[in-house]
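Lettered A, B, C and D in written order, each chain numbered from 1.
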């Protein structure tokens, strides 16, 4: 077996493993940060400072009884969580997370850190994330419960609305980079202006970045846009009727989506693995740091901001975010045209 | 060889899924099946070196239009087809008409098969005469779309606008302002 | 520069017509008058510039833009100022401004919006009239021609609430349409013959041709044009609208139906002098018609009782004289008379306006009399005007009319000269009658009576009654024109005295400047400067030494005629008042005939209007419209109805049926292509 | 190398399925779905031909088809909702009259 293929498989496996862990880690992080923000400890019994808490949660979920409400749609009820989590995993497939490396001379020519590199990578990410909505919608419908149904309806409407701004914000960056391959986008951000400002698109696209982050929050159904599972109104929204592993898969998918969102944001706006002080081989460290910052912002926002009202969400999405992103795109296009010509 | 395999897999997926769309009565399943068939089609597009079309297929059809269908199905929540015989006073409204239509459809298939049979030069491999680069370049696609087809593009934008307004007007309840 | 002249009044029209109703009378009226005065000044300056030029090429052309350009036929919107149009220009703008000023006082009792409407019409008329005069080609002239027709319609029917006024307006419009129709035909004939409609070009081409003998294309064209002229200038057979036009406000009668518009026909002939002089047949007809009109109108004017109608008929007859002059080829004389006539006829109308004004709308001279001491200014100016019109020696009318008659005689049309002489006798007589009946003798009607029948007839009080109705003092004595009107009257009176002196004939030691001035306009542009002077002689009347004696005698004769006429009038209507009545009884049939204007209107009704309406009703309406047109429409409708009833069966409303029908089509088409 | 004819056969099959669905199903939503299937069948043939000819127009026309499909879906579904409000049914035979 060729060493190169082995390394590739290794990278893929590693990415998958990390994603699985990411959800667990994020659960812990979330609870810790929430505690910190609410001036309490958060979990601290299981293991030192409660670091093993996620493990305990997983075990508990695994051994719970699987319930399916009467009148629920058998196939779709099972299919929904699988769809959701699959979509979230697949979405990460084209996201590169490190520079090309030879593993310190282990290989004769370098391999890229990342599962796959497609020349329409951005589109793939976008397409797969837009598939993710089906998991939630189907879950809402298949549960045959009105709360779930409402959650599903809300999810579908909300995600369709925010995908537009999301995609438009992406398009602006693609215009700047002149490529749809995430790796090329990242590499186009190497280097600095004036020797100290890193060439990150966040400096060229501040508006785009803000729009992207907000739309990303809505896409991942996180607070303050977590309407599909608005506890106060819908018990638990689309996953009210779920339990055990089927239930576990939804938060799993949600956290992986967060990671994907942050990874894409890092690749598109924050220069991916490019950064000062570190050799390219260690670029992935920068990558992790940046992702961490964005994820922290997510959690921070969740436990700081109150939930909107649903009509406010739609109003905001259609009447503010979309026009803003379109204007941003137009201005960017005009400037690109001007400076290239 | 892998290409052939994937082709038959994807084509089979598309066709079978489409058949299931009309093959059972629950619109929910129909929508899901259609999404599956679209996935198959997207795969076929990739085989045809049209990755952008494939992605657009997923994003627009599967990601947006189908969600819209799903939304409506859930909103109306009418899972079963109503087989009630509504108004049969008119001879042309008999269910027989529908069967005639189906017959015509099969007739059409026969004709098209015949046409394929009659046509020449179709047996050549799709990608033999030209190389993939000519058709897979998104940049060339964009240039052509906005240069040669600029007018059609603008026209479609107007179409979209009209459709949007129309949808809003139609779906509004009477009495709502 | 030239464009400015018509433009100014047009601007006034725009302003008054749009926001006039919001302006106070002083502003809107002042604005209109100001526009006219300004355009008069511009006209004067451009004429002055014209005077400065060499007589041979006295002309200013201004082309604004190309209006029609189809193939080799192009019409420019071009203005041309030459001696002829210069004279008209001054008359129109000058008298126009005076009448505007007069109107500000005369129309003062109208409501604000009515007032503004009046002045906007007046301005519009002035603009169109100036276009008519300045136009360098037939189409442009025709624009003005139609425009003044429109304005005259609007102004005659200004008090459209009064049925008679509205009818009069319609009558004027319709009669003018007939003339305009002929005019268009004439233009087309000219175009067919010469391929152009530009005055200068046509004149040049005609000038190159020999004078037409017999009745050829030129004669036909000119004759048609002349028919148009009869429509505009109220000649037989189309004169009937002018007397009715007196329904309009008096200043309008003065401006449009005495001074300017009605002379458009004369001007048109003068403008195409070369053309007409190449069509002797037409010229003869013009002369005869002119003389006949003059005489006939004079006789009618003798017995009319409405002060304005008398003046109207006198206008018709004077126009007849002008056409007579044109017809005998004395274009200069015709224009000269036009020019003087504008002064004193305007003066007379305005004077009558003042009288009516003072009597709160009384127009019947039988109810007047003895106004001399009440309205001194009006009286004296009116007298001057009448004398001038009568051709009293030394006044404007004398010179012009006398020249017309002399030219007629000199060109050897003795019979026409006799008619003209008779006309001037009649003129003198009825003008004398008018003056005596109106101003002399004692008040035949207490102003009480006047006011009474004024108040009985709301038509009157609402309309031509403007004096001081509404004030308490209607029973008081009538008093004289307000200063604005008085001023205008005086100015015009001076004009009617002096206007003639630019045309003093050689016989009286003057040398006819006007004729010399006008001459180039009547000569073909082809001829070089040297011959222009000679042409001027021809136009101004070929004064050889021998003819001076003749001219002097004729002059004596005509002045004698004038005085005689006045004497007769004085004898009948002042000394032996009863004589008038006895004559009326003794010559009852004639009297009735005249009183009813030779029944011309009735004849027209019977011969034209009724048959026409009958044909329209019985034929066009009941057969063509109901039968053919409606029939066709209904037929189509019923066909559609029937076929729809059949096809409706296919409209099942079931989408799947439709889809299957589509598929039938698809399968069939595809099958066809496969079978081939 | 897959021959062009294979793609065309797939497209024919899809088109036939779609048209059959239009006739056989008695549910407006399913009918709309069938229409979408037909559109996609056409798209497939376009792209296949374009690939065979090395021409991009085949792909471009699919974009326009997608746009039209989106518009059609929006209006069509709005109509479906409006109709359902009136008759509590999605059966096309329930809507044969022009007004009620």
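Basically, a residue touches a chain if its C-beta (ideal position, glycine included) is under 8 Å from a C-beta of that chain, and two chains touch if they have at least 3 such contacts.
Just so you know, these numbers come straight off a predicted model, no measurement behind them.
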item	value
Maximum centroid distance from chain A, chain identifier (CA atoms)	C
Leading chain pair when contacts are tallied as C-beta pairs	B-D
Centre distance in Å when chain A and chain C are each reduced to the mean of their C-alpha atoms	91
Separation of mean Cα positions, chain D and chain B [Å, integer]	5
Interchain centroid distance [CA atoms averaged], chain C/chain D, Å	76
Separation of chain A from chain B, taking each centre as the mean of its C-alpha atoms, in whole Å	30
Chain B: positions in contact with at least two other chains	52, 56, 64, 68, 75, 90, 93, 98, 101, 104-105, 108, 112
Shared interface positions of chain A, touching two or more other chains	none
Overlap residues in chain D, where contacts from two or more other chains coincide	19, 22-23, 93, 96-97
Touching pairs among all chains present in the structure	A-B, B-C, B-D, C-D
Footprint of chain B on chain D - complex, ascending	1-10, 12-27, 29-30, 32-34, 36-37, 40, 43-44, 47-48, 50-60, 62-64, 66-75, 77-82, 84-85, 89-91, 93-94, 96-97
Touching residues (chain side chain A, partner chain B) in the complex	73, 76, 118-120, 123-124, 126-128, 130-131, 133-134, 137-138, 140-141, 149, 152-153, 156-157, 159-160, 163, 167, 180
For the chain B and chain A complex, residues of the former touching the latter	28, 32, 35, 51-52, 55-56, 58-59, 62-64, 67-68, 70-71, 74-75, 77, 136, 138
Parts of chain B lying in touch with chain D, wherever the complex brings them together	3-4, 7, 11, 14-15, 18-19, 21-22, 25, 27, 30-31, 34, 37-38, 41, 44-45, 47-50, 52-53, 56-57, 60-61, 64-65, 68-69, 72-73, 75-76, 78, 81-87, 90, 93, 98-99, 101-102, 104-106, 108-109, 112-113, 116, 122-131, 134-135, 140-141, 144-145, 149, 152, 156, 159-160, 162-164, 166-171, 173
Chain B contact footprint on chain C (complex, rising order)	649-650, 652-654, 656-657, 659-660, 663-664, 666-667, 670-671, 674
